[in-house]
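For clarity, chains are labelled A, B and C in written order, and residue numbers in each chain start from 1.
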Amino acid sequence: MIEFSNVSYVYGKHTPFERAAVNNVSFKIEDGLVTGIIGHTGSGKSTVAQLMNALLTPTSGKVLLDGADINASREISYKTRFKVGIVFQYPEYQLFEETVEKDIAYGPTNMGLDETEIKRRVEMAADFVGISKEILKSSPFELSGGQKRRAAIAGVIAMEPKILVLDEPAAGLDPRGRSEILGRLTKYRQGSDKSIVIISHSMEDVAEYSDRILAMNDGGILCSGTPSEVFSHYDELCRSGLALPQITNIMNLVMKKCKERGIPFDNSAASFFTVDDAYKYLAQRLELKSEEGGNTVC
Amino acid sequence: MLKDITLGQYFPGNSVIHKLDPRIKIILTIFYIVIVFSAKSLASFGVVAILTLALIFVSKISFVTILKSLKPILFIMIFTAVMNIFWTSGENVLFSFWKITVYSEGVRFAILMVLRLVLLISGTFVILTYTTSPVALTDAIERLTKPLSKIGVPTHEFAMMMSIALRFIPTLIEETDKIMCAQKARGADFETGGLIHRAKALVPILIPLFISSFRRADELAAAMECRLYHGGDGRTRLKVLKLEARDYIVSLIFIAILAAVILVNTQFEALI
Amino acid sequence: MEYIIKSEALSFSYDEDGNGKKTVENLDFQIERGSFTAIIGHNGSGKSTIAKLMCGVLEPSSGEIYIDSKSAGRILRVSCDEDIFDVRKTVGMVFQNPDNQLVATVVEEDVAFAPENLGVPSAEIRKKVDSALKAVGLYEYRTHDTHKLSGGQKQRVAIAGILAMSPECVIFDESTAMLDPRGRDDVMKIIKEMRDSLGITVILITHYMNEAALADRIMVVNDGKIILDGSPRNVFEKNEVLSECGLEVPQSTELVRKLYDSGAEITKTVLDTEEAAQAIVDALEKKYKK
């Protein structure tokens, strides 16, 4: 579990460019869950990611991993990086080795693991992201965009971090690539106490895959909770310039219009964010037979 | 963080010196160097010093900054001073002990040499480096060297390369920063270990950086072609550099000071 | 219909000898002057290659693209070396990565790059630069450093740089893919505005369906071939074909379509959230009044 306790981070302290990127923030990332962090550019969400594995040291406040301060000493900070793995935006730009296999092995090698363990982890990570054996032997620079992305993500997964932090993991991918990579990655915590943090400005992605959401604005936390709790604050979210998930938008509009026309509508339905939930509610309201469209899994 | 580093040594400002035509500034810098080397007596150095102080004052560059810029040449200054004090022979013995004799000419010469260095550095920095943006500088160099293109020197290409380099330095610094973060997150360690270890640790940064630079170059070339770039022939410019009153006035002041320095050299030599 | 771009038996392969797999295969299409066309397809479908062929960055392996250029006063051929300069002048292109297409350090100097290359007199360049910057809403930023702008602002500078060239058609090659939602909205607004008030033909390459929904016409490309071509409504209606090519209709379209398929009395295909909400409210009202 990661805990932020009154954490602030200031860029360029004592220079004319001084700017607080994160301002007195406290929250917890719980084990075994997918936490989504949303916020527009400059809201501090990427700084939060770098604070989580001690790439940045807080200007004030503490970041605790399972109760221990990760910035207590240089050695602890270094070791934290293997426990909290970060996949940065466009991670394919960090590939450097001759083969995909060697590149994935970079992290585990730095951890000082023995060869058989490194091999096991490379294979596990490749398998997890869906990279075949032939690709492992080829140069990372010959791969397609989507494959490069996976290879780079495998490089972090191979460290088997307890917490996997993903900064815009699906940026630039087409819809199929998006749902495939997000679907695979969110399986990482299955059957273990590992947790995932997805940082994104795509509301639909965060809403679909997260158990908890943290909405950030101007270096502070706007609201947090389960997706439906967070999306029930739609007016606040809108005001801070965050786009709501499409379905939430539609349901909100429907609610407002229903009120105008005197049609009954449940307020709770306004914070729905998946097609399935909205469909189920509307199908019931429209008294549709469920067998035709109701073959969807919740 | 790398991105905190300010690029070049340009201090943006709005002073008369900042506003001078960059071409004039390059010429004035050369002129200034001539003035400094023309000064031969303490009195004429005084004139140059007044000019330099005036330049610093007008440009609103702080004295601390100027002093800092002298730091790298501190060793050269001391070395020059020592050499001159001990190895100059003359008539008036100041003092002597053991085998060393120090003449007053030596001390005088040492002071002049150090003064020359100080003035040279602070003056050229104030006229050019601190008050001219790299972009303006490149632009001015291109225009000043334009006659050379007639004899086949690729002046436009050189200037274009310079300005693209200037444009991409911040982008590449940012990128280096990102790649460093990403590799650190995978356990790269750039801070401990011996020289060889550290050099090796740079490989995971340099390779992605090179590859991305090539990709950028490729895309930029396509984008430039799409925007009709076809070399320097027939190219016009948005900004036409035009000399204004202040350019003439400052140039005249410099000429006057050169004249004054030469005059002071001959007239007041005997006084000191 | 008056076309501005017309392709005939257009093929392209990245292999020099032309025996390899064709990225674009035997395409025939026309782009109407003054229209807004979206070309969609998954990554690697060949959509970006088509864009690069249309503005003369790539040369066709076989076939031809004809550009009806008003400024050149004749019909240009993309594969003809003498025409290529005029092709690029007529059809401008905005690329994906905003960082890699800005040439100059200062905003206005970057925008001036194309007119400078054209040899336009300075006073006139100033006018073009100012009006292009005003069109993208960045006139106040004209003396700013390009690298200090946000991604969306950089992309707007790039658009201004193309506008300053006075093109008749502008192609956006996934120009919103690297932007945040705010930047994307700003750029999309400018794209619409360019067509509506400047009369420039717009071609948008994208895989965001909600952006494609704003176009008059959508061409769906898969494996180098056009497999669907029609108005957004017609294209979104064929949601199965779209998902076969790895594309998804917007969630609003999906929701309403699901209700329709289950037998609800509702519009079959909607394009955006507004339309979806309206359709749902209408359906609820009908049910409620019964």
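Observations
Definition applied: a contact is a pair of C-beta atoms (placed from the backbone, for glycine too) under 8 Å apart; a residue touches a chain by one contact, two chains touch by 3 or more.
Computed from a prediction, not measured in an experiment: that's the story for all the values here.
Put simply, the chain farthest from chain C by mean CA position is B.
Chain pair with the larger contact count among A-B and B-C is B-C, by C-beta pairs in contact.
One simple way to say how far apart two chains are is to compare their mean CA positions; for chain A and chain C this gives 30 Å.
Centroids of chain A and chain B (each the mean of its C-alpha atoms) stand 47 Å apart. Chain B and chain C, compared by their mean Cα positions, are separated by 46 Å.
Residues 134-135, 163-164, 166-167, 170-171, 174, 215-216, 219-220, 222-230, 234-240 of chain B are the ones touching chain C in the complex.
The part of chain C that touches chain A in the complex is made up of residues 42-44, 150-151, 177-178, 180-183, 207, 209-210, 246-248, 250-252, 254-255, 258-259, 261-264, 273-274, 276-278, 280-281, 283-285, 287-288. Of all the residues in chain B, the ones that touch chain A in their complex are 1, 4, 175, 178-179, 181-189, 203-204, 207-208, 211-212. On the chain A side of its complex with chain B, the touching residues are 11-12, 15, 17, 50, 53, 55, 78, 81-82, 85-86, 88-89, 91, 93-96, 106-107, 110-111, 141, 155-156, 159. Residues 40-41, 144-146, 171-177, 179, 201-202, 204, 241, 243, 245-247, 249-250, 253-254, 257-258, 261, 263-265, 275, 278-279, 282-283, 285-290, 292-294 of chain A are the ones that touch chain C when the two sit in their complex.
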